[in-house]
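Scrolling down, you'll hit the structures one after another.
You will see two complexes here that share chain A, one where it goes with chain B and one where it goes with chain C.
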Partner chain A sequence: MRTKQTAIGAALAALAVLCAMFATTASAAPAWKFEAKALEGTEVILGGALDSSLTVPGLTTKCENFLYKLTIKNEAGTGKGEVTEVPLYNCTTNSSACAVKSIVAEKLPWPSKLTTVSTTPYIIIEGVKVPILYSGEECVLGGVLVTVTGSAGGSIDNAKETATFNSTTLTATGTSLKALGQKIEWNGLFPTEAFQWHREQALSVS
Partner chain B sequence: MAQRTGAERFLASPAKSASARVLLALALAALLLGGCGGGSSDSESQGTASSAAAAEQEGGKASAPAVGSKDRSGSQGESKAPGAASGAPAGGEDSSGQGGQKQGPAIAAPKGPQEQAPSAAELANATVADMSLQSPAILSSGGEPGSLSPAYTCDGKDSWPALSWSGVPAGTAELALYVMNVQPVQGQLFVDWAVAGLDPGLTAIEEGKLPKGAVVGQNSFGEPGYSICPQGSGEIYMFAIYALPKRLGAPKGFDARELRRQILATSGNVGLLPALYAHS
Partner chain C sequence: MQKHRTRVVATALLAVALAALGLAAVAQAKLTGNYTKFAQCPYTNTEVRKCVYSVTESGEVVLGNKVVPITKQVTLQGGFGEATEEKEGAEFAKFYAATNGITLSKAPQNVPGGLLGIVPDASSPFLVKALIKFFLENSLTGVNSTLELAKPASEIRVSENNLAGEIGTAMQLPVMVHLENPFLGKNCYVGSTGNPIIWKMSTGETNPPPPNTKITGSSGEIEFLEEGRILLAKNNKLVDNAWAAPTATGCGGILSFLVTPIINAQLGSTTAGHNTAILKGTLNVASALAVNKNNKENP
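== the complex of A and B ==
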C-alpha cells in the first residue's frame, strides 16, 4: 500500500515538473510557426518596412524601401534567427539641408531571437550596426559619419503577420539603439513573408 | 542536401498522433490535478520534431504544393539581395495557394538604386561622430533630445552651460565648440555659438566661462558670443565638440560658418549633444 502511494506521489511530482516545464516554454520561449505548426529546420523570411524611420535626435532618416532577409529556426523550442541582408533604398532626411550620402547595414548577420514579455511575443535583433554618412553644406550633420548600434526588440502581431518596432517595444524588451552616445528612436512596421519552404503559409509566433 | 519540403516535414501522422496521445494523457492528468494551464500547442510542436524526422526517413510522398523547384532556385540564390526577389513572395497579391490563411500585407518592391556603403575616400574625408559630449543642463530621456534649461537661453541669462567631453583622439591639435540649430534657417546653417582654439587636453568647460586661449567667433545673430533664442515656439539645437587634427588658427570674431567648413575639411572627430528648447 505504502509502495503504491509512493509511486503515485512520484508520478504527481513528475507531472508537476512536466507541467512547469510546459508552462515555462509557453510563456518565455516562443517558437516560429507556420500554419500553427512549429517550424522544423530553417526558413527564410523576407520583410519590407511599410513605414520606418530612424531619428538621430532632431534629424529623421527615412528609407523608401527598408528590406530585410531573416533566416529563422527553432532551437530547443525557442525561435532564433539571423538577419543576413538589409538592403536600403532611397534614404532621405526630414531636413531640406541634409541628404544621406551613404547608409548601409554592417556586421551582418545580426543574431535574433524570440521572447515573450507579458504574453506578447517579441523578436529581438542584436548586433545592429548602421553607419550613416550625411551630406549638405548647410546640414548640421553634413560630412559627419554617425553610427547607429545596439539591439532592437519588436512586437509581433500574429494576426497581421507584422513586427513593430518603436520606443515602447524597445523599452519592453530592454533593448536600445544608440547614436551620438544616446538612445535614438526607431519606428518600423515590417510585414513578414516566408520565402523558402513555407511560402504563402501563415507565420505566427507563440 | 537532405533538405525537405514543408509538406514532407508535416507528413508525420502516425508518430505524431502517438506523441500527441502521450501529451494528451499528460495534459489530462495535469488538468485533473488542477494545476496546469496552457502550453499544449508548444509542447505538441516540440513533440513532433523527432516524429517528423522519423517520417522523413520513410520518404514522405511530398504532395508538396507550392514548394517546387522554382522556390528552391529563388531561395538558394543567397547572394541575391532580398529586394531583387521581393516581388516573388508578395503574399498580398494572391494568397490562393496551399495556406489559404495568409493575411500578411504585401511587401513593396524596392524603387531606385540600393544605398551603398561609403567609399574609402568618403570614409577618409568624413568627420566621425565617435566622441561623447555631456552637460548637466541637458538631460535626455526616452530617446528624445534632452531639454535645455531656460537658464541657458534668451529666456534666462543666455550663457553657455557647463560641458564635458571624452574620446578626444590622440594627435588632436585643437578643439572647437559649436552650437547650431538642427533645422537650417532660411536654407542656411544657423550657428548660435562658436569657440575655437581650445587646448586638446581639456575635457570640460565651466558654465559661462572659457579657458585661456579660447577664441570666440561671430554667430548667426551677427554677434560674437552665445545666444539660444528660438524664433518660433521651439527648436532642436546641436552642441558639438570638434577634435581637429591640425590647428586652424581662427582669429577673434571669426566667421563661424566658414570655420565649420574648414573644420569638416580636416576630417577630424566630433561629439554631438542634441538639446530641445521651447519657450514656456
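== the complex of A and C ==
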C-alpha cells in the first residue's frame, strides 16, 4: 500500500516537473499582441530605420532610407513573420574614397520569429542576404561585391514600440551577420508599428 | 670662341646630368606610411587597378608523400587590373609583375628528412649510393624546396569577388617546385614552364578528388586603412588540395636517368587528390590610384 502511494507521489512530482518545463518553453516563445490581445490572422508592419549602419573595422556603410515591410502572425501561440521588402536608398560610407554603387536585399522573404532571452523579447530575422557593390577609383573595394549574410536578433522594447539591433542583441540571440568572411557589426533602431488592421494600436510582444 | 664653346658644352652636360638625376628621383618611390609596402607595385601603369603585397608566413606544401612546412616568408607582390576574364562563373583580373622583377620571392624551405628522405640510400643503385655517401660525409645532406613562378606574372589571375566571398578560386598561380641540393644539381624541378603546377588558391572550401578531403581557407581578419584605400587581411588562409603535379625532372645532373626515377618513386602519386597547398599569412591590397597619389604627394 505504501509502495503504491510512493509511486503515485513520484508520478505527480514528475508531472509537476513536466508542467513547469512546458511553462518555461511557452514563455520562451512570445506572441505578437495588439492592445494586450494576441494577434489573430496577419498584420503588416511598415517602417523605416531611425538609424542603421553596417561596420567592418575601418569602413561603415549607412543608409538614409532603410525601409522594411514585415508581415506578422501568431502560429500555435508563437509570434512569427516574414520580412517581405527592404528597399535601401541613399547609402554612403564613412570613407572619402568609397561610395555605394548598389545595395539590394536578396532572397526575400526573410523568415522571422519571436523569442525570449532572460525575460527580454527578441525578434530574430533569418536568411539575410544583402550584396553591396562599392565604387570609387581610390576605394580598395571599388568594383568588389561584398555580400552580407546571416541572421540577426534584435531586442523589442514594448514601451517604445521599437526593435534594436546591435552587437549585444546579436550575441544574446546567438545570431550573426557576416561579410568578407567575418562577423560584422550591425546597428539599427526600427519602429514596430502596424499599418493594416491594427493602426495606432499599441503593439507588444509577450 | 673656344672658351665660349667649352662653356656651352659644360652647361649642356650639367643640364643632362641634372635631368638624369631628376628622372632618377621621379622613378624612385616616395611612398609613406601604410603605402610603403606597395613600392614594387606598377601603380603608374593605368591598367593596374589594385596593388598587392601578400606575405605567406606559414603553411605547408604536400607533394605526394612529402610534406614541406613553410617556415621562411614568401612574398607575392605586384598589381592587378580590371576583372574582365570570365571563367568558372567568376570574373578574373590579369596580374602585373612587381617593378623590381621579384613578383614571387624565392624562399628555400627545408625538406624534412633531407637528401636521404628523397633519395634513400638502401634502395639506390651502387653509383647513386656512392655519391650519396660522399655528400653525407661532406654534410651536404640538406635539401631545399623553393617555389617559383613557372610562367610570367601576367599569367597569374585574381578574382576579388571570390577572395572576398570565400568561394571558388581567388588566385590562380602557375608554379614549379625547385628541389635544391648539390647532389640533385641545378635543374631538379617538379613542374616546368611548359608543364606548370596550377594552383587555384581559395579562401573558401575546396572540392578535391579522393583521397584528399575538403579543406577550408579564410579571408582572415579584415581591416580597412587610409579611409578604405587599403585592405589589410591578417591570418589570411589560401588553400588548394585539388591540384595535380607532373613528375620530377632533371634531378641528379648527369645521373638524372638514375636519380629522377628514385625521387619520383619517393614522392609517390602526385595526381590530383594527393597534393595540398596551404598558405597562411597577411594580405595587403590597395587602390593603385591611391598609391600613385601618395607617391605624388610626397616628392
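Simple rule for what comes next: the second predicted complex is superposed on the first by the 182 of 206 C-alpha atoms of A that agree within 3 Å, B and C clash if a C-alpha of one lies under 4 Å from a C-alpha of the other, contacts with A are read in each partner's own complex, and residues count from 1 in each chain.
Rule of thumb we're sticking to: contacts are C-beta pairs under 8 Å (C-beta built on N, C-alpha and C of every residue); 3 or more make two chains touch, one makes a residue touch a chain.
These numbers were taken from a predicted model, which means no experiment stands behind them.
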item	value
Combined model on chain A: chain C and chain B, fit or clash	clash
First (chain B), second (chain C), both or neither touched by A:57	both
Touched partner set for A:47, first chain B, second chain C, both or neither	first
Contacts of A:93 with chain B and chain C, given as first, second, both or neither	second
Chain A residues touched - chain C or chain B, whichever exceeds	B
Chain B collision site on chain C, chosen from 6-14, 60-68, 96-104 or 132-140, when both complexes are overlaid on chain A	96-104
Set of chain A residues, in rising order, touched by both chain B and chain C	57-59, 95-97, 137-147, 180-182
Of all residues in chain C, those that touch chain A in their complex	49-50, 82-83, 160-161, 164-166, 203, 218-231, 285-287, 289-290, 293
In the complex with chain B, residue positions of chain A that touch it	12, 15-16, 18-19, 22-23, 25-27, 30-31, 33-38, 40-41, 44, 46-48, 50, 55, 57-59, 63-65, 67-69, 77, 84-85, 87-91, 95-97, 100-104, 106, 131, 133, 137-147, 159-162, 167, 171, 179-185, 191-203, 206
Sites on chain A touched by chain C in the complex	56-59, 93-98, 136-147, 180-182
List of chain B residues in touch with chain A within their complex	3-6, 9-10, 26, 29-30, 33, 35-43, 45-46, 48-49, 52-53, 66-67, 71-72, 74-75, 78, 81-83, 85-86, 88-91, 95, 97-99, 101-119, 122-123, 125-130, 132-134, 140, 142-145, 180-184, 187-189, 236, 238, 261, 264, 270-274, 276
